[in-house]
Amino acid sequence: MRPSGRALDQMRDISIEVDVTRHAEGSCMIRCGDTHVLCTASLEERVPPFLRNTGQGWVTAEYGMLPRATTTRMRREAAAGKQSGRTQEIQRLIGRSLRAGVDRNALGERQITVDCDVIQADGGTRCASITGGWVALRLAVNKLMKAGDIVTDPMVDHVAAVSCGIYAGQPVLDLDYPEDSEAGTDGNFVMTGTGRMIEIQASAEGATFGQDEFSELMRLAKKGVGELVAAQKAATA
Amino acid sequence: MRPSGRALDQMRDISIEVDVTRHAEGSCMIRCGDTHVLCTASLEERVPPFLRNTGQGWVTAEYGMLPRATTTRMRREAAAGKQSGRTQEIQRLIGRSLRAGVDRNALGERQITVDCDVIQADGGTRCASITGGWVALRLAVNKLMKAGDIVTDPMVDHVAAVSCGIYAGQPVLDLDYPEDSEAGTDGNFVMTGTGRMIEIQASAEGATFGQDEFSELMRLAKKGVGELVAAQKAATA
Amino acid sequence: MRPSGRALDQMRDISIEVDVTRHAEGSCMIRCGDTHVLCTASLEERVPPFLRNTGQGWVTAEYGMLPRATTTRMRREAAAGKQSGRTQEIQRLIGRSLRAGVDRNALGERQITVDCDVIQADGGTRCASITGGWVALRLAVNKLMKAGDIVTDPMVDHVAAVSCGIYAGQPVLDLDYPEDSEAGTDGNFVMTGTGRMIEIQASAEGATFGQDEFSELMRLAKKGVGELVAAQKAATA
Amino acid sequence: MRPSGRALDQMRDISIEVDVTRHAEGSCMIRCGDTHVLCTASLEERVPPFLRNTGQGWVTAEYGMLPRATTTRMRREAAAGKQSGRTQEIQRLIGRSLRAGVDRNALGERQITVDCDVIQADGGTRCASITGGWVALRLAVNKLMKAGDIVTDPMVDHVAAVSCGIYAGQPVLDLDYPEDSEAGTDGNFVMTGTGRMIEIQASAEGATFGQDEFSELMRLAKKGVGELVAAQKAATA
Amino acid sequence: MRPSGRALDQMRDISIEVDVTRHAEGSCMIRCGDTHVLCTASLEERVPPFLRNTGQGWVTAEYGMLPRATTTRMRREAAAGKQSGRTQEIQRLIGRSLRAGVDRNALGERQITVDCDVIQADGGTRCASITGGWVALRLAVNKLMKAGDIVTDPMVDHVAAVSCGIYAGQPVLDLDYPEDSEAGTDGNFVMTGTGRMIEIQASAEGATFGQDEFSELMRLAKKGVGELVAAQKAATA
Amino acid sequence: MRPSGRALDQMRDISIEVDVTRHAEGSCMIRCGDTHVLCTASLEERVPPFLRNTGQGWVTAEYGMLPRATTTRMRREAAAGKQSGRTQEIQRLIGRSLRAGVDRNALGERQITVDCDVIQADGGTRCASITGGWVALRLAVNKLMKAGDIVTDPMVDHVAAVSCGIYAGQPVLDLDYPEDSEAGTDGNFVMTGTGRMIEIQASAEGATFGQDEFSELMRLAKKGVGELVAAQKAATA
């Protein structure tokens, strides 16, 4: 029933390749099926003004799409002169989600910026960005710990995200683009490695949804996040 | 326990004053406690390019805050030269939510823009904007129907929204600003008059949340939306 | 002869409601007929760079219109990404006018920003903004004096403004929108409570004007400003 | 008493050099003392959208200052990414003033853009721009009439402008920069060749002004405009 | 003597991987040592306004750098709200260079946009973009020819580019970043497959250069471009 | 054969008028035939952040064109809200070129900004800007030396620029606009007074060029720069 032939609760193939770029303190290329996102973590020994002299650190994120990551070419945001509302919404979500997994006191007064750049898009780019962004962040923090700059590990738990939705009347896991563009309801679930919730966003795109359907989406999401966390563990072992 | 002395499941006083401005096709001032939002609905006999010659209409929303709606003056977005990411995120949410309650074929090829301008803020401005925005939209559509420009009512159901969150460890309904700024988890629930879900956004601001806590938030939200829908009915009777 | 049936030298009804918003140090809603402007005064204990360590204070103003304050919806300036030339011209005029009534040494090294937001427009919004802005400023300064932060009253005189113009060949007082859009000459007069001039702007919109006509406009303006100052006194008594 | 040693009612030396640039349909360099403005008139055979198919033409103006026209270098507006409020206010004034001297039906459906670029500034740049801009416009229209593209002369009268102000307590004519920066009141008067008023802007910069003082400013302005119109006539004879 | 140990006239390793992204009509990842650029060619069946109804096509280019392509993170241009002067200069160069190798009449009235996004930077990104951009363009044109949409091959010759410079007093080929940041003179040479010149840019960064030195740079460039063209041929065979 | 009737290696008439504006520390109007550029040098006793406390100075340049410097009016960049890619490219070239002729240690920690504003354009505006900009810079530095603020002359050599190109198949010197718009190859050569190269930019506009043609362009450029340097010497003697 799904265009890809997947079972209702089946994720796309996940691959996380680490240390893919030479300059960043942490980096990975995450591939969730045909969605490919390059995630880099950049360390700076300064924090935003509101955190100066607090001893706390900051984690923030930026998101972008290469113009031809999509089926038809999109206008380059740098040329358009601004980031779209969608881009800003996504990068705020990534930043909030990653911060929820970090003890900012243990991080100390430094900032890590996670850049998530979509090289190829096939649905679920914001979820892949969170899952891959966590890996880049983990690797950058590892480097700080190895160097003795941080003593207590500030990464309190895994953070990963998956989308679920109601496609052709059925709750399905990990929407790809053909499903996403037709789904009646579309949700993104950000969770920790221990199954706690960080962020839930579910939106009726055509038909409203009931509480039972929502519960099933959440059940699927838990299953998917479990598999993503396993992939994170394998990649950063 | 709540700063305002309200019970955990108690809404703030709701007031919806209609027809408050002379020029708009529909308007109201909604007051949820000390949060006051002026909502106007403006009709245009044209649609965005992607809908031309489809027979379908469009509903969109814009959101703004007067600079001194808040405790300390905020920079005017027109002077800053752009709308913040937060503003864009909110107005996209309002637009999506209102569209979910409208049959755009029945509306016909015309556009209604709902402007939500916060005159005074005390938490929950996006939810008040959705609830009040629906009233402004209802009144504008009433005018079209009275004039015979629309035959079938395109308003398929009420749309209203309320925030809930975990404050001091307790799930509470309808956060005001002192609660919102301290809440560990903060959620916005947009629902229909019949209790179906349109949009759920729940976000861990400091502590993650479990599924049980989330269920309690949803239960509170249903109660709150019920009272808001009743207020909408009274105002537009 | 006037669309509203008013006499040539008759003002619209004036109402000034004070303390209309909870957060601002001073606020009022001024209504000149169907023109309604919300004015707030916001205090900051800092001044622009060019005044640092001079002991002098600053008064500045910003002006905005809600998108549907007008008969047809105007584009939101925050969405357009800039304030129009007209907006900037108006807010510079409001700021200059209010400063002319303030002893900036007596005010001390602090800044008061007066925001004038047009809720509903029917001509004369810049004049209503000046007249109402003065009231908001007066109330904010009262608060500073009551708190003992200022000893000598820095408000040296009332400041109020009215428009006059030549409509259908006749000099008339306090143009409303139907008159304003047809007037051959349009003028704004800002004066003090003792009848001194602060700013005069008169502009031929279709036909040039002679010195006699201009003198009659000024006579009308004096009458109107007298009535506005009386309303300011009543509101702030 | 005046820094320049001029009498109270004495203008600076006026020089208007015509046809100073090769490409423009009309051009002049106007020099009012040390204030030098290059004015060009550019003809286009199209009008703004709101005038299409009305048979009416349009005259508009743009104003700029070279970065080092002033005593200390100012930031280039093109580099700053926007025209200042002052620039917009001035170019709107120039455009309005020139249009007041043109019969736009006689002009026919074409647009003339008058660019006023300040090469060197010493006070009174907006007035010099209006006076010189009229000359550039006159020359461009002459070319159209010579070519037979226009039959009836659309230039109904001369338009010229001068500043007056109260300097050291005395009304003086044609303020230069040292006077302008110290003046208690500063006014710009735009008039026709027959002494009719087009635009009056008078502003209290430090001290308010009375009606008698204003009458004296207007008397001085009439004298000054008379001399400017004579210079326009000599230049375009 | 060179930091990398290369001979003075030795290129870095070149690798061109084609068809690296699923959506673009043509694509490659070009790697010149540690400089990696993703090049995509996007086809549109429309041309810029100035070419409509001329039968001629257009080739244009855009250039970007991921924020952490460099040793320290650079600000994202989309977030900064504009493309830097450097970015614009580079993308204008890429576009001009590629157009010089295309017969735009044979291409027909369609546009191909070549996006060059630097994934990792180590000097010479603009040259790698031109060389890789030509491959992406070649592949997109191949697709058009296979489909029969184009009959005559519009690609008249190869286009490739290499940098040369004077490093530590010696002319060297294919500067990497450590050399580029120290070079006294830096040049970019764009040439065809038959050794004709398309664009030469040579710039003294610290010391001026003489004609003999320049001749040696050009000799080195010819050698380098020869190797790049061979790599293009191998990749597109 | 040339539209102007000039010999292949003949420059246009050069005139450099110095001290043309009252406020700038150095200024000239350079006229290369019908291309007229006003160049001013402005001194500031501060440097960009990256040079603070290094003892080194900075020379930078900005470039602009009056809207009607060209045959048809161009949009004013300040009104458009940004400088075009072409403008930025040109002003970066002017700045780089002038810096190549300055010993920034001898200049000391101060900045000189050279503004080049094209009053009338007929091809070659960037070259005229460099040549005239050097004169303005020379005059400003003279003033500093006369005042004893600088001891060692930081101007190490003349800097001048000329364009050459292949017009109607023939290499010609100093392209005017009719030639420039038709040239198959177009180059700009920036050189010192002793014939060393600072910057070479040659670009195929329609047909590629060979090494012999390029050598002839360089020979012509040397001849032209020699004449320009002579004119600089005469003007600043």
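Think of it as A, B, C, D, E and F in the order they're written, each chain with its own count starting at 1.
By our rule, a contact is a pair of C-beta atoms (placed from the backbone, for glycine too) under 8 Å apart; a residue touches a chain by one contact, two chains touch by 3 or more.
These numbers come from a predicted model, not from an experiment.
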### Query
Given the touch definition stated above, what is the smallest step count connecting subunit E to subunit F?
1
### Message
Quick check on the contact network: minimum steps from subunit A to subunit F?
### Response
2
### Query
From the centre of subunit E, which chain's CA centre is farthest?
C
### Task
Among A-B, B-C or D-F, find the interface that matches E-F: by residue number, over half of the contact pairs should be common to both.
A-B
### Query
Counting C-beta pairs in contact, which comes out ahead: C-D or D-F?
D-F
### Message
Rounded to a whole Å, what is the gap between the Cα centroids of subunit C and subunit D?
### Response
28
### Task
Mind checking the centre-to-centre distance between subunit D and subunit E? Centres are C-alpha means, answer in whole Å.
51
### Query
At what distance in angstrom does the C-alpha mean of subunit E lie from that of subunit A?
33
### Message
Quick check on subunit E: which residues sit in contact with 2+ other chains?
### Response
82
### Query
In graph terms, nodes being chains and edges touches, is this line, ring, star, complete or other?
ring
### Message
Give the chain order around the ring, anchored at subunit A and oriented so that subunit B comes second.
### Response
A, B, C, D, F, E
### Task
Using the touch definition up top, name the residues of subunit E that touch subunit F in the complex.
82, 85-86, 88-89, 92, 96, 100, 187, 192, 196-204, 208-211, 214, 218
### Parts of subunit E lying in touch with subunit A, wherever the complex brings them together
21-24, 27, 34, 38, 40, 42, 44, 62, 64, 66-73, 76-83, 87, 113, 115, 117, 119-120, 122
